[in-house]
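Every chain is named by a letter (A, B, C and D) in the order it is written, and numbering of its residues begins at 1.
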């Protein structure tokens, strides 16, 4: 048996011998590391979920013509009024977006206008259907998404005018008229319920506003400071337009998350400290119990360094076992918490495994610093006499 | 340096040990030659255990000179002293003092480990030599007092020390076990040629050695050379 | 003379020869890599065309064969003698001369107590434990021998011809047999590694009788030692093309490398200014057009570098665009194939197998029961002791030393 | 800046000399003489080289010498490995001359690199060099005669000396991208792996990827991924150190069977083990130095001019026009100007550069590396993937890690490019993870 193997053999034997003490220490260490793991995993998963929710909410940037004076309110997506007659140049916007790849591909062009329907004026929105479909996944459509010759109609309007999917609408504008077939009714609970959605090109033709837009909504992957920077960059590229961040309702959940995370951090700190203290106490009493054994080992000729190494190895091994167990338990707890509280599955984050082991080892070592010093100083004669 | 230092393994001059005001060992001059079997007798508190601890490098004297194997233990650092303990001396204690979570074999190997490298075959041989060939895998708790003491002896001699120290090694044993242990020691002493210093208050044990020191109150009272018991007269 | 033989043996069967030669090739590679981006290809070509280099490469299998031979010889000789103690490994163990003489019975008892098997003969006792690594070593050496033989043969003698195999057409000459490609079938059949199978059925005259043989993807099928290595797929549509001036009509099978869909290939219409470029349209259904047989050709007629007509024509129909008529009544499948004559290939396959066996044998033996041996030979008044172990060295050493101690203690008494 | 470089160099020198002093503790005179002579000779040779030969050639020569030293480490490791299991004879006593020549070579290498690290051509570089050499000499004397006896007792593994010294030289080289070996190594390794897989498929008659299952092919595709050059290069980079370390472990311990006392035997074995552990110090230290060198090489401290690509569009004729002067953009300012052309999902990055009195247009990628693009630093452009420096004069020439040139025309209105040709060249020549072997050639 080589020296190294013998060393580990002795360490493991010694740990296995003191079953109760070892179990207690492992439990405490596992508790601490499981707490850290589970809090970390929960907080990460929640962050991701919130980010997803923000994403579900829709666009976070909007470009409108400068003179339009639109309100971009906190209440959602009330982008300006129909009567305003300032427009964006579609080509210019496209060029600007090409230079700012951070804006991503999730965006939709809008041209808001008014058309005559059976003698009345209705508000219409010219959109590119595939774009809006990607941008607004939460839209509930009764019927199907239309192609370029179709239209979507808001649920309020449909109810008032008793329009069903399959009906043909005859719309006329200043530059021409058109007949479109309604393929679906959209209900969002918002402004869209009172609009008719048409194909952008068709509406541009009908309004005589070729290449003009009223708004561009963008769902950028960025958040916070990055989003602000992106907006600034786009603003620089677009002279006659305003680039604004849509203040999200979800932002509140972001700040709530921050608070919850802080709370978790505090709890973790308290529990880790408590665990550290309990590890220290257990270790100290174990060293007291083992005084005779340490004295014997020293009397047999072990140098102080060798004894210290033996005891440090015990602590580290306990730490590793505790860390591994703690990661498993912590992951299970995180699964439970996210499932019951947030109704979502926790992420599997292997990066927390080393973190859990390091926390546990650190606690074990810090907790046993005092006892280790005692071991180092112990006088063999006295301890053998049983003092 | 005395002329006979070549064969002298222990040499003390004015060796003193004090614990605060209490004088555990009064200035002591002692010479023990190599291969000798020395017994130290005296009732408890007479300083005989203190002497043993000093000889074994477990404790440091307050004053005086202490040469073991020609080396001055006073000049040793803490780590050097530890090396002296693992290489030059073997100590057998009264209360057996085995590591409870290791088997008999592993207890012997532990001494090898601190000395150099563990060697299972050699440790097994040593245990077979003290008559424990069948109890290698037993923990100390499963061994009788005599057996435990024999494990201790195997452990003490495993690193071939020049000096073997025994502190009341038969204190907890009955008459029969005592006799067995003493016979074993005698056999080993003849084979391995180590110097043996036994501390005891048992008159019978003292009879096995060739020289007995009587101590009282930390002072050497009598130094007696005599016939050895067990040297078969027939 | 004896010295010379010894010297030769040590050169030819040297352990260092193979690594040294590989090192040489690595060095050549590095030098080439300094000046050339295609270093590996260049090195291979260089090896093929330069006899000294090829000879150097040939030294590797030679060296390996010699080593294999001498190791087997050593093994057999040692086994007959006492135990398996290859000469080379003695040096790595321990040998010592003792003053004492052993008592055979006592020694055997001690060795048996430590779990060793014993054999004693005239003036010696040999003891061993565990299984020798020799079988694993044999397979490893054999594997390397086969590998380098394969590489040598492959680099120096490989011949390869690229030729299309077309359904219904006669076999290319390079196949060395008269016959016809009967059928080409591509099937989506997900396996462990491959997702699709390709079956090329070939009918040919084997002497006088006509036989058919099916060639798959892997392992490649072979005919008279020629491997059929399918590289990529193509299509030979039968195209009828009539320009508006109706000066001529082109109708023929054209061989096009247009698979998978999206790839473009073109054909010059002979005796005319026309060139027609084809692509295979993306299939409307999920099934691959090559396996379903539902082709749709996108064509572009180019006249003097200007496109004059474009369109799509499905199998079995005719399309007229700008007066140009294109009919697509039929298509044959093509497999572009490398016909490879390579004698080294099977060597490499076998070498892979040998190495697998070597690893499979070595791992458990080395971990569970490594070979440990010792031998005590009477030597004058004393004893010569030799010990050697492949694994579990520490424990073996301690047993060996213990026995030596016992021998010399016996002497003392 | 110069001060920092000087201090770094002195530190490396101190470590080098300390290691050598430990390795040849018994040969102090030869050691000092060889070191001093080597240092002076290397420095003088360096100055001579830079004065006599213009341009990049001195760097090329020094880099080749470094490469040779690195390759020789492999030979050293192989010899140590093969000797390791053989019978242990007494180690031959090192002769004075051998020590002197060995340390002369190492010190000369150091001197050469010292000259490279100093900004050659500035007025006081000779003075700086002289000062540094004097300091280095002082350090040499201090270490060999004063500090060495105080050093802890560490042995030297077989082959450890050259491993240690060459790794330090490689570390110095890694500080300047012109001399760095690791990055070109990883590029070559990537090329080798690509070629090897390709060749393997060809030789073993393995069918092409359309026949493979996608998931299996993705695993094979890992061999063509971005990191393969780096990780493969790293593996090769550490072979000598690992080889020597393992060989040291494998060395059989001297037999103690002749000793008849078990305890003495054990003590001998323990001492041998301790001694072997001490001998591992230098190989492990060399490994650490090599790791530092690899790190330096992947994180060069130089900053590169790397403008954001400007999106361009083709006109109806499929032509891209880059005006020579457009607002504050001046193509002839000697800096590289990056452009991005997008057709469908296919993006093509290219850049225009005015060098040696003419404009050139090249793709922002080479045909060997992953298209991580190029950055510009005085006189050179650097390939971000393999950190190869390409002199500006050779930009526009094909081959190696040079950016792929594209045909273009310059007239009064600007630079004219064909959009289709750009896309075709990119698709055909630039490496990407999707471009795999076989591929119907």
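Note that contacts are C-beta pairs under 8 Å (C-beta built on N, C-alpha and C of every residue); 3 or more make two chains touch, one makes a residue touch a chain.
The shown structure was predicted, so the numbers you read here are calculated from the model rather than taken from an experiment.
J.: If you count the C-beta pairs in contact for each pair of chains, which pair comes out on top?
T.: Chains joined by the most C-beta contact pairs: C-D.
J.: From the centre of chain D, which other chain's Cα mean sits the farthest off?
T.: Between chain D and every other chain, the largest centroid distance is to B.
J.: State which chain is most central when centres are taken as means of Cα atoms.
T.: Closest chain centre to the overall C-alpha centroid: D.
J.: Using the average of all C-alpha atoms in each chain as its centre, how far is it in Å between chain B and chain D?
T.: 64
J.: Using CA atom averages as chain centres, what separation in Å is found between chain A and chain B?
T.: 70
J.: Rounded to the nearest whole Å, what is the centre-to-centre distance of chain A and chain D, using the mean of the C-alpha atoms as each centre?
T.: 40
J.: Please tell me the distance, in whole Å, between the geometric centres of chain A and chain C computed from their C-alpha atoms.
T.: A distance of 49 Å separates the two centres.
J.: Which chain B residues reach two or more other chains?
T.: Within chain B, residues 87, 115, 117, 119-120, 122 contact more than one other chain.
J.: What residues in chain D touch two or more of the other chains?
T.: Where chain D meets two or more other chains at a single residue, that happens at 262, 270, 273.
J.: Where in chain C do residues touch two or more other chains at once?
T.: As it turns out, chain C has residues touching two or more other chains at 394-395, 401-402.
J.: Enumerate the contact residues on chain C facing chain A in the complex.
T.: Counting only chain C, the residues touching chain A are 394-395.
J.: Can you tell me which positions in chain B touch chain D when the two form their complex?
T.: Chain B reaches chain D through residues 87, 112, 115-117, 119, 122, 158-160.
J.: How about chain A: which of its residues touch chain D in the complex?
T.: Per the touch definition, chain A meets chain D at residues 3, 95, 98-99.
J.: Which stretch or stretches of chain C touch chain D in the complex?
T.: The touching residues are 15-16, 19, 23, 27, 29-30, 33, 37-41, 44, 91-96, 154, 158, 190-191, 193-196, 198, 217-220, 227, 229-233, 257, 260, 336, 338, 340, 342, 345, 348, 385, 387, 400-402, 404-405, 408.
J.: Per the contact definition, I'd like the list of chain B residues that touch chain A in the complex.
T.: Contact set of chain B toward chain A: 53, 56, 58-59, 78-79, 82-87, 91, 93, 97, 99-102, 106, 109-111, 113-115, 117-118, 120, 155.
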